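Letters A, B, C, D and E name the chains as they come in the text, with residue numbers starting at 1 for each one.
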Amino acid sequence: MRLIVERVSHGYGALEVLDDISLTVEEGEILAIIGPSGCGKSTLLGILGGLLKPSKGRVLTDGSAPEGSLNPITYIFQDFALLPWRSVAGNVAFALEHRRLGAREREARIDEVLAKIGLRDFASALPRQLSGGMRQRVGIARALAVRPAILLLDEPLSALDAQTREILIEEFLALWLAHRTTAVYVTHNLDEALRLADRVCVLSRRPGRIREMVAVDVGRQDRTPARLAPLRERLWRSIQDEARAADREYV
Amino acid sequence: MRLIVERVSHGYGALEVLDDISLTVEEGEILAIIGPSGCGKSTLLGILGGLLKPSKGRVLTDGSAPEGSLNPITYIFQDFALLPWRSVAGNVAFALEHRRLGAREREARIDEVLAKIGLRDFASALPRQLSGGMRQRVGIARALAVRPAILLLDEPLSALDAQTREILIEEFLALWLAHRTTAVYVTHNLDEALRLADRVCVLSRRPGRIREMVAVDVGRQDRTPARLAPLRERLWRSIQDEARAADREYV
Amino acid sequence: MSEPLRFRGGGFVTRPKPISSCLAGLAVVAIWQAVASAGWVSPVFLPSPAGIARALAEMALSGQLWRHLAASLQRILLGFALGSAAGLAFGLALGLLSHARAAGLPIVSALFPIPKIALLPLFILWFGIGEPSKVATIALGVFFPMAIATYSGVDQVPRTLIRMAQSFDVPTHAVVAKVILPGALPGILSGVRISASIALILVVAAEMIGAEFGVGAFILTAGNLMRTEDLLAGVCLLSILGLAVGFLVSLAERRLLAWR
Amino acid sequence: MSEPLRFRGGGFVTRPKPISSCLAGLAVVAIWQAVASAGWVSPVFLPSPAGIARALAEMALSGQLWRHLAASLQRILLGFALGSAAGLAFGLALGLLSHARAAGLPIVSALFPIPKIALLPLFILWFGIGEPSKVATIALGVFFPMAIATYSGVDQVPRTLIRMAQSFDVPTHAVVAKVILPGALPGILSGVRISASIALILVVAAEMIGAEFGVGAFILTAGNLMRTEDLLAGVCLLSILGLAVGFLVSLAERRLLAWR
Amino acid sequence: EKTSLSVLKLASSGPVFLAQDLGHFAAEGLEVELKFFAAAQPVAVAVVSGDAEFGVTGLTAGFYNLAGKGALKIIAGQSREQPGYKLSAYMVSNKAWEAGVRSPADFAGRSFGMTQVGSTFHYMVGLLAEKRGFDVAKMRLVPLQSIPNMVSALQGGQVDTAILPSTVAVPMADRNDAKIVGWAGDETPWQLGALFTSPKMIDTKRATVERFVRAYKKGVAAYDLAFQKKTDQAATDKALDILAKYTEQQKGAIAAGLPYIEPEARFSAKDIAKQVAYWQAQKQADASVDAKEIVVTTFVPSLD
């Protein structure tokens, strides 16, 4: 499924946050969005997921969702957004309730995604008993359980420590290579963006405009730090001034 | 000033956290400490700063503090530890109160460190008005104001977003190159450790033991991703199994 | 020339000291008893712990205790149930609906600080002198803190959980039932704690009028007759009831909020 | 074959609706007045808003209002000052010292749920029927919530700030003065909010005995004389006082906690 | 037929207790449920709120305010303060006694303990002031809510003066906790209590009211025979037993403080009007209260 953003602008009251964004997320690609703090990345993702109505412009979907998809456009959240009073399995089940889905099939799906992501032994654990990495795995499992056509990820790893981040990024890439779900991946982290994305969309400071759209023209198997270094350098030059300015803003 | 750790062990009640740690932090070096979550890095740093009494073993200092040092061993905290009711200048002043220091000299020191770290325009701002990066700069300014002999940094950048982290690491390195203060730098982030440290101390899972002590034998000016890649690879292999195991632990 | 590190941490951590706790409790009672036994002050002014215990024992043996407790508990439970059910519903409306909040919140803020004891004469006119006015007093006292606790409990449900539910197309009623209500539970339970203690306080006021039995009535009678031992025995009963209620709420919290 | 995205967010955000607020307030008063004017219910049972306003105006014009207010405010202020100063000190001790907490907390928990109104007869014995017993009632009512709020305020001061202060070798007394007290201020102010409203409630109970003037005495007299209009006028006064106190505390919070 | 009466456990309610136990209510086909209260105020409120159909107790300013709004009607008399009947004592604390307060006339300018504003005690001190020509506004009137509170305040010298029922006053004076300096009945006789009901009762169940008043009058007659005529010792003893049972007091104490009750249960409408006027002058009763509207003299004729 493709996602077409047409001249979207958004503001909260008088605060202009997004200004005239147009882009297309192609079927099966990972589009990374980077930009300084407060430039409207989360706002854009909210608009893409139908949770926010843009002040101007519109978003279209194109193509059909895969077989058995219950929620074509699905989020993975920065703070995991797990229901703390539900077990791991319960949290995955939450996405499958209120659907035309027999109890048997629901159980089967839950079991399948928990197995896939290595959470089976933790099915009855509560979120508070889990490390941050395990919690985000639950978030990923929940998203996979509805068989999404498009994944929207809002800094999914930024609440984790560096080592866990490293581990999860590998796991995520492996999963993605198996499914090739269309994805929009918001991050502050250039390395993350370069390791995962087909294209990187660089937003300017608030109000967010598209500054650059950079294709990562290195095959995923060849993305060593050395190979990515020039691209990284170029992107960092493109954003560092704005990042510095955003850092020195009053909030 | 050197810091000598002799056979330190520590436990909280029945929970053994550190096991028989011996190491020396040499004058003028940055020693990075990495290790999986919960292995006792913060505990060790607490012992080094005299805030925790080790269950066993002892810590010695060797050599004298620099001229005008008010607090030879000084922390920089992960969560910044700013007094939210004090302005930027007030937070720096806090470290200088209760010292034999005239008001004039205090003002002068505050002004000096704020200028050095580019905070002068924000002297009267409250912490809540600042971005994360600016808050940590206040933490650094406060630490510099007491002219420390040894800096203890507990994941000082891990609460910041990737771009701000990038900016601050450069600033910190520039500052350090100007002062060459002895420092112990706790982090989860291999890249951070490799860019800053003279040596990297790898701790095992809890109870934390020293697993490896790796010298970073690349000159600081030559530390490009490509040059550091082999070392990074080696360290990552050394810690990844334990990081994976720590990630899958119940908390 | 190495020196050992100077320790500068410690302090500012309060550890449980069960021995201190017990000793302090015992000491208070012992000193009180000693002062009372010494006879410096008349027992009317300062009844002794032993005297109070005797009064309690007498009450228990004569069966009066159960009669008073039963009468009061019935009023408290009924008033609490009515008041907190209404408060919960009202608080949910305040929390979920903009218009309800705009309309209701100023009214709640204006009515909340009114001492219910001042309204007793009106309540008696409206509900008569029997049980209904007593139950109504307690129910009204419970209503406001419960409504406010529920409403701020709803307010404290993390927005991100609601966004998450919406992003999975969970229907609104299920968002309320499965996200907002459980998420507001900590707030609601702390409301229960407050309003239960208010119910205990109001039972004394409510039983001022025309109650033959009840812990409050017992205390008031003892006060009127200047039987300070009985009075304090009744007060002890209330204090024990209060501790019991606190314990029950804690138990409920441990059960229902085990996920925290 | 592209389709526009279906919107599924929204709701669950309560926006201020000032018009609803005003309308609701006006509607309540209007309906009340209409019911009262219609004469379906006797004015004994339901005094009209106009009648209450008239009673208030009369009170204001005759100068009685100020006399009652002055008498009550004096008691409230004195009782509040004494009770909250003591509560603050006690709460600090509970928060800072392990032994004080171990000894004090169980005692506080046992005494807190006791309705102060039940102790009035004892207070009259101890302090007489004059001002001291009234002030003492209010002070005792204020003491406990203040002690508990202070103690939990101290508990909520982030440990990392204390560690920071210690790491800069700040002496203990300065840690208390410059870190713990300001850090506990939010808790203390919320204690002030609660205990101020308790003081207002207790003024009615305290003025039951031997008070010629005071809002509480006025309300009780109105209740005795079955003048429901006067009674509700007095209740309105208390409600206004309550709102005023709430407003003052909010003001203090905005001032003192501007850093939040 | 079932009906109900709100009443205090005091000797002044004696006629009701006698009518109940001597079967006068039953003879009229009435089954009367007695509802006991601790103060005059709730007795009246109970009739207004519908908890009881009849009430009998002392007349207070609160009573007149309720009655003035058309909620209560006086239909028969109860106790009166009457010369020679030691019902309410003027009391002086020992401290005040030392300071020279030795007669009712000396109450001027002193503090005075009473239960509530608008209570019968409040009225009695007003009557006293009127008679002795001093200004009640110059006294400090201290509401203490209950008689036990008045006792301790007087005992502790926290109030100089008070008026107390003889059942408490006499034992206090005997213990020398305070001094009795006179009796209200001797000083200022007045219509203290009455039987009343709601206007609705009179409108809708007039026959019941008539039967009730008839039985009540028989109770009053029995009271008169037993305690005021005292011609039949057996009747006196039996009546005393009944009163002791209902009031839960010692027979001796009851006998010492029996109030006067007009033998035909009549009451003084004039006195009622005077009371209303007094309360209105004191601003304790609403100006709209009309004394003529409050009394109904069709069941029992007025004294005047």
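FYI, a residue touches a chain if its C-beta (ideal position, glycine included) is under 8 Å from a C-beta of that chain, and two chains touch if they have at least 3 such contacts.
Remember, predicted model here, so these are calculated numbers, not experimental data.
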Chain E reached from chain A - shortest hop count over touching chains: 2
Partner chains that chain A and chain D have in common: B, C
Higher-contact pair (C-beta pairs counted), B-D versus B-C: B-D
Rounded Å distance, chain A centre to chain C centre (Cα mean): 47
Centre-of-Cα separation between chain E and chain D, whole angstrom: 41
CA centroid of chain B to CA centroid of chain E, Å: 86
Averaged-CA centre spacing for the pair chain D and chain C, given as whole angstrom: 16
Where chain B touches two or more other chains at once, by residue number: 46, 51, 73, 128
Junction residues of chain E - those touching two or more other chains: 45, 48, 149, 152
Two or more partner chains touched - positions in chain C: 8-9, 121, 125-126, 163, 166-167, 169, 223-224, 226
Pairs of chains in contact (touch as defined earlier), listed by label: A-B, A-C, A-D, B-C, B-D, C-D, C-E, D-E
In the complex with chain D, residue positions of chain B that touch it: 46, 49, 51, 71, 73-75, 77, 79, 81, 83-86, 94-95, 97-98, 126-128, 146
Complex interface listing, chain D residues touching chain E: 42-44, 121, 124-125, 128-130, 208-212, 217, 220-221, 224-227
Chain D partner contacts - residues on chain C that touch it in the complex: 8-9, 11-21, 23-25, 28, 44-45, 95-99, 101-107, 109-115, 117-122, 125-126, 159, 162-163, 166-167, 169, 172, 175, 180, 197, 200-202, 204-205, 216, 219-220, 222-224, 226, 228, 231-232, 234-235, 238-239, 241-243, 245-246
In the complex with chain B, residue positions of chain C that touch it: 1-10
Sites on chain E touched by chain C in the complex: 35, 37-38, 42, 45-46, 48-51, 146-149, 152
